[in-house]
Amino acid sequence: MERLLTIIFVYILVENFVLHRFFGICPFLGVSRKMETAIGMSMAVVFVMTMATLVTWLLYSFVLVPYNLEYLQIVTFILVIASLVQLVETTLRKISPTLYQGLGIFLPLITTNCAIMAVALLAVREEFTFVEAVVFGLAASIGFSLALVIMAGIRERLELAEIPDVLQGPAVTLITAGILSLAFLGFGGMFTL
Amino acid sequence: MIINGKLVVSSSPHIRSVESVQSVMTDVLIALFPAALMAVLLFGYRALITMIIAVLTAMLVEAVWLRKRDIFNDGSAAVTGLLLALILPAAVPWWVVVVGSASAIIIGKQVFGGIGYNIFNPALVGRVILVVSWGGHMAGDIWSTPHPFAFGFDVSTVTGATVLASPEKAVTFSLPEMFIGTIAGSMGETSALALLIGGIWLVYKGHIDYRIPGGFMATVFVLGVVFGGGFYGNHLMTGLFHLVAGGVMIAAIFMATDFVTTPVTPGGRLIFGIGCGLITMLIRLWGTLPEGVTFAILLMNALTPIIDNFTIPRQFGGVNNSA
Amino acid sequence: MKAGNVYLQDLSRGIINENPVFRLLLGMCPVLGVTAFFINGLGMGIAATAVLIASNVVISALKNYIPSQVRIPCFIVVIATFVTIIEMVLQAFQPDLYEALGVFVPLIVVNCVILGRAEAFASKKPLLRSLVDGIAVGIGFTLALGILALVREVFGQGTILGPDPDSAIQLFGAGFEPMGLFGQPAGAFIALGLLLGVVNIIFKKFNIK
Amino acid sequence: MQIIYAIIALGLLGLLFGLLLSMAARIFAVKVDPRVDRVKELLPGANCGACGYAGCVNFAEAYVEGRTSANGCIPAGKETSKAIAAILGQEVTESEPVIATVFCIGDNTKAADRFIYDGIEDCAVAGRFNDGFKACRYGCLGLGNCVRACPFDAVKMGSHGLPVVDQEACTGCGLCVNACPRNLIKTLPRSDQGHLVLCSSQDRGKSVSRACSVGCIACKACIKACPQEAIEMDDKLAVIDLDKCDDCGECVAACPPGTIHPRSAVPKKLGEEKEFAENAASAG
Amino acid sequence: MLMAKVFFKGGIHPEYQKDNTSTLAIVKMPLPQKVVVPMQQHIGAPCELLAEVEKIEKGVEVKTGQKLGDNKGFVSAPVHSPVSGKVVDVGLYSHPLGLKINAVTIESDGRDEWDDSIKPAGDLQSLSADDIRKTVREAGIVGLGGATFPAHVKLSPPEEKPIDVVIINGAECEPYLTADHRVMLEKSEDILFGLKAMIKALGAVEGIIGVENNKPDALQIMERLVAEEENIRVCSLPTKYPQGAEKMLIYVTTGRTVPAGSLPLEVGVVNHNVGTAVAISEAIREGKPLIERVLTVTGAGVNEPANVQVRLGTLATDVLDFCGGLKESTLKLIIGGPMMGLSQPEPDVPVIKGTSGILALTDEDVYLAESSPCIRCAKCVSVCPMQLMPTSIAQAAEHGDYKRAEKLYAMDCFECGCCSYICPSKIPLVQWIRIGKAEIMKRNNK
């Protein structure tokens, strides 16, 4: 139990996927413009990421390892993730068209959101147990969402700012992320696996 | 009726208070004067030089960036520079001060469009950049040990650990000593007395809201009493210890109250103060770093837009049906 | 001559006008993740370029045989295959680099630059142009990684060609105290942000759109 | 064996996902008109709003649903309009390229102010204070609503307090026309042909000349001078019919305040307004 | 004497600048040669010219107190001729609101002959509530504090909303102005009579006269006067702007909070300005319609500041001439107080019912600096008496996000000006909020 809690805190605060590990930067830059879409994206990512870890872990442990097919890891993982994303996309389009519109092209981009691929790969590399892997997926996605939502709040305020021309958009967002990353350093060493 | 010039037409009100951004910043500088004075008295001429370098660098960098001749301008750069100097150890090399001050102004402020638009407290951005860049000059055993009232003493030869680094050692300092400031630490943070005087001035002038420093200090005190471990005589004293040791005072009075980077709603300010206190104590008690105020405030700065949005006050006579 | 023009255009577009990192802001994760040292950045760039060229060529060659409904999964399988190969090659011949790049090597598979080129270019254009496009975008990507990595290593470590002490060259004598910020994740963000600003200034100056 | 396992594993996976996805696609099917996407791809993507819709996507939807016509997107230009029209199989009604022109030359050297306005820099807001600070209640206030409205940076505030339209950058979208609270900007066919009465004042001649040295005083001298009979009075303002005008220049010589100018003389980009103002001053 | 039980949040302490005129007794200005009577001097439906006046147009003779215009609408008040003389023009004329409004220009014959219809309404005992309301309406009385809401409307609450308290507003919290102060000193009996008439018309239980404690002499006089009255009390208010704002005044004197978006009658309160009370008293006791008022002419730009009683319709030019004229350093001419008054491009505007002062500011008092970006000091938030977030509303309005402005309760702003006053960045917050309000109103009406 303590180890699970540690995993949660470590991957939300210390080893934050966006701010410390650089996974999922594209959607982080793309959909953090508005709070509403950031929250929508966050929910999609939390769902997809947890599911992805679950499925890929099972697949790896019960299919790839027994048959010595570890070298198929990348191919299978990406296929699982791509299908999952497609599933979420078709569902969302029907259930909430407004949310679908807001997320726009970024839903297909979840496929290429390396955070999701990374969480699947890392769960295997870190040799997590099944439960740990799922918790890890959840924590990592929450960490991603936290960074995304904070950034969305900040960017809504930056909309009103008179940012120098050449720094507008991604440049200032990256610098903000940098300072945010510095701020998160405060949690360094607070929890260790 | 003969009127030579034309009349001015504008929207009401037609009178304005004499207060301006410049006058507010000047007031903050005045409020920082006791702390700066104590820094010089305690840490000697190095403290003065560090402050001058930091302030000048900040003002010059901002003037160059804005292409303005008037280097004092609205005074905000000078405030940032002085604040940064006060949270540096007195023995820090001059070039560290220059880099820190320039980063504070550029990365902490001008990148976002200058005064009014920055998300993070510029002085703290400057400091945290220095901490990760040259940790050796900024932390651990480099905290300067003061030689009270020995102006001309070279502080760089004598350094000691901040009391927060080893609480066991801290017991050798009495609370009055900590209150006056004759302990190791950053040059402007050790004297709670001087900082409080500045704080009272700012409250008197109406520039800071008691909710932020109040919430901050109260949270630190309460958490210090409850979780501090009571190493400092008793639990109550431990709470007080956490208040006067390290950077809580300067952070609560001068850093967390920076207008631009903190919430504008009354409720939001209270939440902000409490949040700062919470994260500070989290880092102090369970983290690996000895001090957490810098990170605490930066994190709360990041949350400020969200806090602001969730704490919009009801209007006078407003009915309680949340819109 | 006309045909040559098209290739030249493809080349300059991939490297400059539509530089994947500086202009399109695609594939940012490895850009930030592996650029603490110049060698790593360069290695990552080359690995990605190799996958990009190979996948561009194969997809362009197969474009008429892939049904459009399942084209994305097919592209992904192609890319994933090449990434697996690259990973094995690196592991075998450049174990240090492989170690340094870590999980970012398999993550090439989800790099939006590669899938983006496959979808937007290779699946529509002839083989030769796809090859040129792959080379151009690859160079553009590697260039961006290299510049950022150079900046970060010079300021953050004071060396060039590190971290291996045999190859590392100390740039500024022993007295130099490197700015640790640039070695940190935060430094990567800030350095790239400022670099983007500089690139924007340059583009504005030369009126490149 | 290895290879067979690999093929079986991948094949099974593919089958499984294929089934899942096709099921989902059927359950959650949403009909999207593919033509919307095709229109969207053709549009310039500036989201300028000149078409009256929130953004390019919304225009595309509206167009496909038949609520607007193909040349509704002004920045797109003729080529694109044709391509868009082709999607629905429609012919484009040729729309002439137009350009924005400011019908006021009462800059701050020629038109008087009644009082000093102190407040928000916005023409509509300032205009509500006692009919605006300019002595002429039809004249340009120069606070730049048109400048802010232009998505193409084609309207800039000149050195004498009047906006200047950059003819190269102007797409004729007409956003500045709507932004001007005093209706001083009109779109005209792109050409240098013809003369214009560069004033919009409907005040009586006396009060016009008191307020502005270059305002139309409704003296009708130009009407008498025009050999083409191209000029008519619109209430208290002379208006030249561009179709009839043959650029003879008689009206320019006849106009006492110097309100009439050939279109070729109108400043074409920022910087040219100074020379124009000097010439206009010497003419008046 | 009652003391304020509670304090309202926010508010400011500007320099009051009242010493110049607070000790000067009201002087009656001689009849002007010309008056301009706009047909709209109140909130509500504008008056239409009466048939007989219109018929004669230019050249018709009118008597003092003769009705010139009226409107059948309930929320409206008639206007009367302030002098006797000849109508010389009927048409658009400059109005303090900054618009041109239909007005009757009358040349005074200097005889000041009163119309035959002017006669006392009778004593209070014999008058019914309806009689009082009718008298008040016919006299064209509106709120003289500046809001100019027709007084008879406030005296006619709907049946289901009984009124138990009438508050007389003697706060006069606007800096510079001292007219109400002088009225309280010199016409205190009229105020008391007017208050009694209002209590009777409303069937109220209690009357409260609220006066800011920077006017101790007025407090003393009023207190002495009501000593014998059982149901009328004087309340001493802390000196703070905007103490005289309706909702603040009610809160401080009675502790009742008027719900947002509602009128005071929602909590059983009606309040009137001291000047209104005097006008009601004069209408009942003498039958005199509202044709003159007391106003303060002051500011560094005025040569001889004074409290003057002038006929309505007198041009500000003439009033200023009477007060020694304007100094050349005058930069701003304001009708009303400095916080909520309207600045004028020229002094050629008539005094109307709501004109509580004419203020001439010189370059020393006029602040003409450009605004700088908001530094989020939140001083505007802490001074807003309505507890709004002015900076956020202004920002939303500036960026055209009127939905957000409405969510931030922009419509509850009554434009007291505290936020703009205090702002160190000198942002025209009130102006932005006003734009936001206008836009929200436009959208909601659609």
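Each chain carries a letter (A, B, C, D and E) given by its place in the written order, and its residues are counted from 1.
Keep this in mind: a residue touches a chain if its C-beta (ideal position, glycine included) is under 8 Å from a C-beta of that chain, and two chains touch if they have at least 3 such contacts.
Everything numeric here is computed off the predicted structure, so don't read it as measured data.
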So which chains count as neighbours of both chain D and chain E? A, B
Looking at chain pairs A-E and A-C, which one is connected by more C-beta pairs in contact? A-C
Taking each chain's centre as the mean of its CA atoms, the one lying farthest from the centre of chain B is chain D
Roughly how far is chain B from chain D, centre to centre by C-alpha average, rounded to an integer in Å? 51
Using mean CA coordinates as chain centres, what's the chain B-chain E distance in Å? 47
Chain B-chain C separation of Cα centroids, rounded to whole Å: 42
List the centre-to-centre spacing of chain A and chain B in whole Å, with centres computed as mean CA coordinates. 34
Give the residues of chain A touching no fewer than two other chains, as numbers and ranges. 72, 75, 79, 83, 160, 162, 164, 167, 172, 175, 178-179, 182, 185
Note: chain B residues in touch with at least two other chains are 6-11, 107, 111, 113-114, 116-117, 129, 132
Residues of chain D that touch two or more other chains sit at 114-115, 118-120, 129-130, 133
What residues on chain D touch chain E, complex-wise? 114-115, 118-120, 125, 128-131, 133
Touching chain A in the complex: which residues of chain D? 2, 5-6, 9-10, 13-14, 17, 20-21, 24-25, 27-30
Chain C residues touching chain B in their complex are 177, 179-181, 184, 186-187, 190, 193
Using the touch rule from the top, collect the residues of chain B that touch chain C in their complex. 99, 107, 111, 129, 132-136
Seen from chain A, its contact residues with chain C in the complex are 19-26, 29, 71-75, 78-79, 82-83, 108-109, 111-114, 116-118, 121-122, 125, 164-167, 170-175, 177-179, 181-182, 185
